[in-house]
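Both complexes below contain chain A, partnered by chain B and then by chain C.
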Partner chain A sequence: MAIRSVKNLKEFSTANERFEGAHLLCPGCAHSMIVRELMNATDDNLVIATNTGCLEVSTAVYPYTSWDTSWIHIGFENAATAAAGAEAMYKARKRKGTLKDPDAPVKFVAFGGDGSTYDIGFQWLSGAVERGHDFTYICLDNENYANTGGQRSSSTPVGAHTSTAQAGRVSYGKKQKKKDMVAIMAAHGAPYVAQLAPNKWKIMAKGFQKALETEGPCFINTVSACTTEWKFDAKDTIHITDLATDTLMFPIYEIINGHELNILYRPKNVLPVEEYLAAQGRYKHLFKPENRHVIERIQKEIDEKWEYLQRREEAKV
Partner chain B sequence: MAEKMELKSTEVWDGNYAAAQALRQAQVDVVAAYPITPSTPIVETYGSFVANGYIDGEFVMVESEHAAMSGCVGAAAAGGRVATATSSQGFMLMIEVLYQASGMRLPIVLNVVNRAIASPLNVRGDHGDMYAGRDSGWVQLDAFNAQEAYDLNLCAFKIGEDINVRLPVMVHQDGFVTSHTAQNVHPLSDDEAYAFIGDYKPVDEMLDFSKPVTYGAQTEEDWHYEHKAKQHRALMDSYVVIDRVFEAFEKKTGRKYKRLETYMMEDAEVAILALGTTVETSILAAKQLREEEGIKAGVVAPRVIRPFPLNELRAALAGIKCVAALDRSCPMGAMGALYNETCGALATIPAEQRPLVTNFIYGLGGRDFAVDEAKRIFREQKGHADVGHITTHVQQFSGLRGPKLGFYESKRS
Partner chain C sequence: MRGVLATDKRGVRELGAEDLVGWDEVTQGVVLNSFDIEVENPAFLRPEERPYSDFNSYTATVASWRVIKPVYNRDICIDCQNCWVWCPDSSIISRDKQMLGIDYDHCKGCGVCVEVCPTNPKSLLMFAEAEEPEEALGKWPEKKKKAK
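Showing the complex of A and B:
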């Protein structure tokens, strides 16, 4: 694989030609950062499938396209299968000798939001991973259905306000826990699974490279801060993401071959989750006295999860 | 390289096997599929070809029919020949992607082995699934027997992949009656069949990186309408290519197909319009009635359901006295679709040439439709013809137990 090495942020910001800066994502949306980080990770040809969601509706509005590489969107749920179908066609045509440029390296990537990954497209993703297609699935996890105005998904964390799990006089927002998609994908036996964040861009680039290099289906959950639905200032995307990784709300780790867990980022100073929650409008109501218990619950679950991840890493099982 | 298969000039195949053989001979690059009765044997047979070295392409057994068509779309956009098969509930699960496939102008071949739609659950043949896909933007061909299921599959690739069409194509056949009944089939040799279809010519393929393509863009009120109109035009105009392919096929095999098949219509006074295996039943009934009772009965059958052969139907029915349109799908609150198409085709001819049109719903969930019932319907039409008006409800249910069921009173002017 042709690995790209990007040395510093300045180079990073100008290195990409295959994803145009002209698109309709909100200013400060992390989706585009993550896409750029992927593009910056490789010089190989890319076939990209994208589920319906903010990324898709904002980057291919006829007669324009932001994609200067092969790109396909079918529906909300089936990008994994679109990539799988294209990958199958690549194999068939390679075998039959009908490819225009049979020696050029090609990578197949599917993007989905948390709505399409955790909810509606779960089956399509699971099927494509079970069948072992050689592709990488990247979830842009902003913990809500942003494209349709911020409804709950099964990735929405406890206590967050969304338009379909609202905080109100008798409600503190979402009651159910966030689905552990990373564990689920690791349980498929996928050779490479990781959770990454765009603020830790060097770790992210390495993770993407590992996934692209690994033969077989790889899954990466990426934290994608959403200025509109998380309710923070557009200039603070990376700051919010720093808080997400440094409070361990989003631990950064990988799981190889379904079991070998490696923590990829250990904050020097682990911050209390309150700092992360306080920085976003979607958690504002948790600071009322009657909802304080929810913050305690969130902190407790973060601590338990971190303990679990560390033990898993240590145990090497 | 895939092994070739030696075929006899006459094989005994059922409709499913015939379709699977045609897919093998077409050297399809990707088959993405999911099993469902009664189309399962197409997929299984293809799987046996894969396992025994007869296929060079990829065979992707996905986790649902929605994924089957999604995989077909991804594969087709990557620039190769693609096919699959389904029925009934599987077809219903695919519907979202059927529209996406045609909207992206991807020439996929889908075998639809027609079966009823739940609820109540039923595995037998009717045309509920076919009718559910009427507006999906696919070219739709209808095979009335196993030979035709084979022939029309070969034609389907050639039609859909033509640069002037570039649309997906369905080949319908009746569940069980065609799909599971062994009949004599005359196949082409592997080389002849492939030569007839020709190599796949990629258009806007995702695997040509010198020319990146974007598939499945967003359009709102500014462009969506123009795109849909253009797609409709491509489908309407595809008859030119369909005719050309049918002609080429006749030259090659001697077997002649027309977008509207007509039987004994030259001097017919009454007619049945039907699809699928009912066509052969109706032909038999018409022949017997002509001999036994002197009723000038004929049969019209759309071979191509989309684009609908309006001109041909108008020409075939102009001047006859009465036609019964038989719909093997329950329209649920309206007249049957074939009845509506027929009335549409006849609306523009002078009143004195316009036949009476009646509508029969029949054969739902695999209820048998036998020659005697077809004869009874012909006789009834003859009765309408003789008095010059419809003497029953316009819409009746044929072969239904219990009290007679009819809707829509005819009105004499």
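Showing the complex of A and C:
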């Protein structure tokens, strides 16, 4: 297992990029920051499958591919299945001795957006994790179907404006709560489940390495700020992600073996959620006087969740 | 190192292969090779040593997306590599822990690198696409004093 040193950025930057430029993701998209970081975190051979979503359609625009590793272009729902199938075949061929280079370390990774992870590919992901294949599933959570025009997904948080949950005179955007995917995957008993963010590069790289090293199915939910649908300037991707982690909208934590919860990042100054909401166009309507109650609701839910995470960490159950 | 096709006209014609099937004729199971010859593991090869095939997007460019571009000032840079780790387009060229410059074939001009640059003044700044780098370096701001 060739894990790269992530002690500091200088050492990390000696990695040889395996994700090439001139893909067609939007300028400032956090998807490619996360993908690059995963691929730079290890020197092992990678077999990657990707669900349909921004990442898949933008990195494989015929006749070009942006991947220097084995990469499988697959349907909307089954990156988890494709990675699991490739892993099963690899194991079988290793057992039969038909591999060309049986000692070369190979890691199996699946990428999916939140649409294909929380909604469409949920059953397939659940099945692959239950069967216990040795692979890592990474969800690039941008909280909507950004590839098809920003429809709501079950990952869209309360109050966000999307093209199918519009804010206006009657509605304040999405009314339902965001699905807690990390808890669901931890409930599968997966050996490593985490929620990470690209602005904390070291925590994220270490999390990726831990997931790749861990035998068995690992799930990582990563925050991927979407300049187009969250409506902010392309240069502010990291700033928005900073606000997301510092307002605890996206707490960074891991759950080992389904029960041992560790909080990986505690903000020194917890910011009020207004700062995160005000920085994005999709929450603009919440600052009207009649919608103020939604902000209070969001803040209350964040506080409750943070309290819950801290108590679980203390209790170690 | 193979010559980079400095064009953004993506398509069959640019690859110079008339026998390439159309995108709507591609069937399941088709493989596009990233490299011309078999590469054991590209993680051990630097980009300039790799035998990129014409299918690799490294040989394409998105330079025409840019309206503004980052300009790099070597004199101020401290090689912290913040820009490298957060560049979404693999466009910061770093070798042996040193920042060498910007890959203008793949940079889309998003400006993330400028935002995350910690030096004072910044060692990366956005300028108009038409601006010559030498001219831009002449306009570099002075060090800002901390407000007391």
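As a working rule, the second predicted complex is superposed on the first by the 306 of 317 C-alpha atoms of A that agree within 3 Å, B and C clash if a C-alpha of one lies under 4 Å from a C-alpha of the other, contacts with A are read in each partner's own complex, and residues count from 1 in each chain.
We take it that a residue touches a chain if its C-beta (ideal position, glycine included) is under 8 Å from a C-beta of that chain, and two chains touch if they have at least 3 such contacts.
The model shown is predicted, which means the values in this text are computed figures rather than measured ones.
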{"item": "Room on chain A for both chain B and chain C (clash or fit)", "value": "clash"}
{"item": "Touched partner set for A:I238, first chain B, second chain C, both or neither", "value": "second"}
{"item": "First (chain B), second (chain C), both or neither touched by A:V61", "value": "both"}
{"item": "Which superposed partner A:T69 touches (first chain B, second chain C, both, neither)", "value": "both"}
{"item": "Touched partner set for A:K100, first chain B, second chain C, both or neither", "value": "first"}
{"item": "Chain B versus chain C as contact partner of A:Y90, first or second or both or neither", "value": "first"}
{"item": "First (chain B), second (chain C), both or neither touched by A:N45", "value": "both"}
{"item": "Partner chain(s) touched by A:F19 [first = chain B, second = chain C, both, neither]", "value": "second"}
{"item": "Which of chain B and chain C A:S171 touches, first, second, both or neither", "value": "neither"}
{"item": "Stretch of chain B penetrating chain C in the combined three-chain arrangement, among 127-135, 163-171, 181-189 or 217-225", "value": "217-225"}
{"item": "Contact residues of chain A, present in both the chain B and the chain C interface", "value": "45, 60-63, 65, 67-69, 104"}
{"item": "Partner chain A, residues of chain C touching it in the complex", "value": "10-12, 15, 20, 23, 26, 32, 34-35, 39-47, 50, 54-62, 65, 79-82, 84-91, 94, 96-97, 103, 105-112, 114-116"}
{"item": "Residues of chain B that touch chain A when the two form their complex", "value": "29-30, 32, 56-58, 60-64, 66-67, 70-80, 82, 96-97, 100, 200, 202, 206-210, 212-219, 223, 227"}
{"item": "Partner chain B, residues of chain A touching it in the complex", "value": "45, 47, 49, 56-57, 60-63, 65, 67-75, 77-78, 81-86, 88-93, 95-96, 98-101, 104, 106, 123-124, 126-128, 130-131"}
{"item": "Complex contacts: residues of chain A adjacent to chain C", "value": "2, 9-25, 27-33, 36-37, 42-45, 59-69, 104, 198, 201, 227, 233-239"}
